[in-house]
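Presented sequentially are two complexes of chain A, the first with chain B as partner and the second with chain C.
Let's turn to the complex of A and B:
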């Protein structure tokens, strides 16, 4: 090694160290590279298809670049799908959140939490089609539900609970509940139990403890739960077809997109419907997350433990 | 005084027990507390002191026994119906409420009027010297300030009883001393009755009017700090109260109330507590074992720690018995030394208590 190259090599080494330090100060190190696969997947499987669909939606088969959107919002058969979907997704989301709170409040105190949680979570593994099949049998005109109600004389003829709005709603609630429940349970158990005890020693009755302590601390969690549950519910497809009335009451927006793409072979129109679907979800989610900002969002335990 | 604690004469725990499965966390605890007393429940972790406090607060149901507040039986009441103020170890301040709302919470639950709540909250915050922070959230306060809020929140409801569960254990050493004095000052000023749980004997001795020493769920001794410091009734209490030298020995009575005991070859005079002859355990404080020219115990220094005023040392006798001692002169490991202890500071206990 010549004497001349030694200072040069040292300089290079110092530069490398400076760069490394510069990166480290910004929180970037070798581990950051592990994000690369996720970034590639997101780009390839979300960003690219999204942009492709967006561009596609502005290239209708006929008419000017806004043609698809104009068609959608002038044709009642198309734009009513938004309200029909909201009319299913919003109640199902609310009902699931409201139903999961008391269950989670109880389960949080149980010793055999895991067993009960497992039982409650089983519907996730069933899948929508199996739930639909079960409901068709159970809630159908000749099913257990109607037969029991008729035999005890509560009703004289079967009530219709499948192949309409109610069948789809019930199926959405059943298939969505485990997800909502698990999220709610994690938020409920994240609240320091000594807060409730403190409220009790200060004279708060169970309902007051819920209202003044749990509820305000849960609201931010509810907002997230709502957004995630709602997005799932809004893209309802199988249960609307299998248990609903896909040509009428439960003609949801995903059915409209499906019809455009695979029955009319109008990819551009389908892309436009998908864009509208995304926009509606985005609006609802932004409203909910915006409202969350009005509440306390810090940790749900005492600041220093 | 704006805060006047609920009036009562005495609190009585009558054979209070609590089991967790087959484990007796609290066994037959009986205790009489007069109004205005400051009681410390003292013991090592797992001794049942927190269980006792939670039973008093109503957060745990009793397995047997009863708790009486004068002629009212309170152990079947829910915590919200007892109205005892509690200060939690982690403070348990409501993170989403301002200091004002935290302190006013108990009064709001009683359905007091807003003006009255504001007045009492101000008085309580003045008492804990925390004015000017009322609109802050607990997360914006330091540990010591949070502690003050927790105390204000517990005393503002003017409870017959204030329960404190190791309230100083999350503070640093300096703040702990400061808050210790504050807790006693507030207790005296308000005239409340306080039950204070701690594992720190210094805290118990300096704060309490009476100390209850618990071990394995049972009461071992109830006494004033002076009694506990000078005359622990059992060897295990002595050990917990800082009698670090605990040695098995044999005792023979001398006839004038004292007994003669042996440590290795050395014979010493001691004061019998619950045994005067036969197989015994002797206990004495490191502070009472000092080097002296005529000291009966010959030992070799094995470790020495400089403590500013004096040295804290460890020595071993030729038989291998390890003893802790205090020395005003510098001592160094390896040095041969003669140690002695005053007869009235060497306590003799029955064997088998440990």
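Let's turn to the complex of A and C:
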């Protein structure tokens, strides 16, 4: 027989019930535990690798703990990759956002948006590798693009658009525009049309309505769109290799990271480059989101009723 | 007044002109791949002089497309299965319970979607190689699950939130156990949402290049990685046979996209969760 007396066992059972009640009141019960597998998975395969990479980057194959970072910022072949990537990513992001706004303002008024949005989803679905292969054919010296320009007399000899900066930039715009546009569209349609109608009733012209009604309400959305688009553009990889000049003007930072990991087998250096890549993205995104704070933030749709 | 009307008409025309140009170029880009894959040889003319289908049989043999397709569907199938198994219960918990630290958990699931795969893929691949997973199918599946599990969660949470919890309470009152509640009440109600989320995962995984590229070994390449290697080594093989492979890749993605679009709004592919618009 156990030595535990019956009242003591009952007390313990009550304590356990109390604890369970206490937890349940805070929203933690069997249902909440359903989160555990996904959370553990994400911790193990996203958070842990990041921390592992961070620690690894401070353990270079040679030199002291900052060795990798010193090499990166002193070797011109490495640190120039930051500027080359920015030089691709920033123009592509700006072009996509600036082109998205007027189009979204028109599409917002359309009854049947689905056809256009479906067409625009196609390049996202196909992915950058296929776009690179398509553009190699299409923009090449014998491709239809150059042929059309030559036959209408705009140019006399084919312009070089592949295996250089322009090919990569164009592929970034093609793969990025649908993403930016659909995000912008979701922000534009989130603005209550009655605000614009009110301004129109008071005599505001289209441009004034855009400038004074839409623009201030859109700025927070722009900041998010910019951040998401930029981060994707900054991690350009397949198109910079296939359509660009991976040893020259489109040697972007992801190529440097890939080379370190899979050609030099220097995991520590690759981790350091990945951390630098993440840091640059974080800096730009923080600047943009910081600027957002300086503008209007609040409801974009009028109150219920 | 007249000038304003003219200006706004010009502006509208310009906007649609740009859209048409974009779509036209996009279509032409895809068309060149298709035309080239059927052309005997194509150089210096508008269209190839004659057409053939032998590049497809060539590509099938040269790139071992049968094996690659089999591997692709196995990987995609496993990714879809596990992201559903991990993601849907977690989404249910997030939709139904308020608890301290919920915002932190949401951030944990948001980050893998915001950070681009290249950035986290390189340290992830190091960890997977160290643990002995990378270079095989299990490594590719694990790496691909990192963004898809949070994706399923973020798509499913608003979907589950809109289901009235009183339906579940009613089932409980009538004596349904947890398992019965799940199979008879929740699953039928959640089925459309789960289907949409998993189809989007499927389309995204077929096209996911970076994570697969970093973790795949020679026998665990998916179609998009095989296509990358083929384009990278262009010149070794005939361009037409690379394009034939590209067409096969396009077909596998677009068929699933068409299926997916029957169940979801195209904007969901981008904005992850359905927004409630006023």
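Details
Just so it is clear, the second predicted complex is superposed on the first by the 265 of 305 C-alpha atoms of A that agree within 3 Å, B and C clash if a C-alpha of one lies under 4 Å from a C-alpha of the other, contacts with A are read in each partner's own complex, and residues count from 1 in each chain.
By our rule, a contact is a pair of C-beta atoms (placed from the backbone, for glycine too) under 8 Å apart; a residue touches a chain by one contact, two chains touch by 3 or more.
Predicted, not measured: the structure shown is a model, and the values here were computed from it.
Annotation: superposed three-chain arrangement on chain A; chain B versus chain C shows no clash, the two fitting side by side.
In the superposition on chain A, A:52 makes contact with chain C only, not with chain B. After the superposition on chain A, the angle chain B-chain A-chain C between C-alpha centres rounds to 90°, nearest 10. Within the superposed three-chain model, A:213 lies in touch with chain B and out of touch with chain C [touch as defined at top]. In the superposed model, A:158 makes contact with neither chain B nor chain C.
Annotation for chain A, partner touching more residues between chain B and chain C: C. Of the two partner chains placed by the overlay, chain B and chain C both lie in contact with A:205. Touch criterion met: A:192 reaches chain B and chain C at once. Of all C-alpha pairs linking chain B and chain C after the chain A fit, the shortest spans 8 Å.
Counting contacts as defined above, chain A residues 192, 205, 301 meet chain B in one complex and chain C in the other. Note for the complex: chain A touches chain B at residues 192, 194-195, 197-205, 208, 212-213, 216-217, 295-296, 298-305.
Listing the residues of chain B that touch chain A in their complex gives 57-59, 78-86, 88, 90-96, 105-106, 109-110, 137-139, 141, 143, 146, 153-154, 157, 163, 170. Those residues of chain C that touch chain A in the complex are listed here as 4, 8, 11-12, 15-16, 18-19, 22-23, 25-26, 28-30, 32-33, 36, 42-44, 46, 85-87, 89-90, 92-94, 96-100, 102, 105, 108-109, 111-112, 114-120, 122-127, 142-143, 145-146, 149-150, 153, 203, 207-210, 214, 224, 227-228, 231-232, 234, 239, 242-243, 246, 249-250, 253-254, 257, 261, 265-267, 269-271, 275, 277-278. Considering their complex, residues 26-29, 31-35, 37-39, 41-43, 45-50, 52-54, 56, 99, 102-103, 105-106, 114, 116-138, 142-145, 147, 174, 177-179, 182-183, 185-186, 189-190, 192, 205-206, 228, 231-232, 234-235, 237-238, 241-242, 254, 257-258, 261, 267, 270-271, 273-274, 277-278, 281, 301 of chain A touch chain C.
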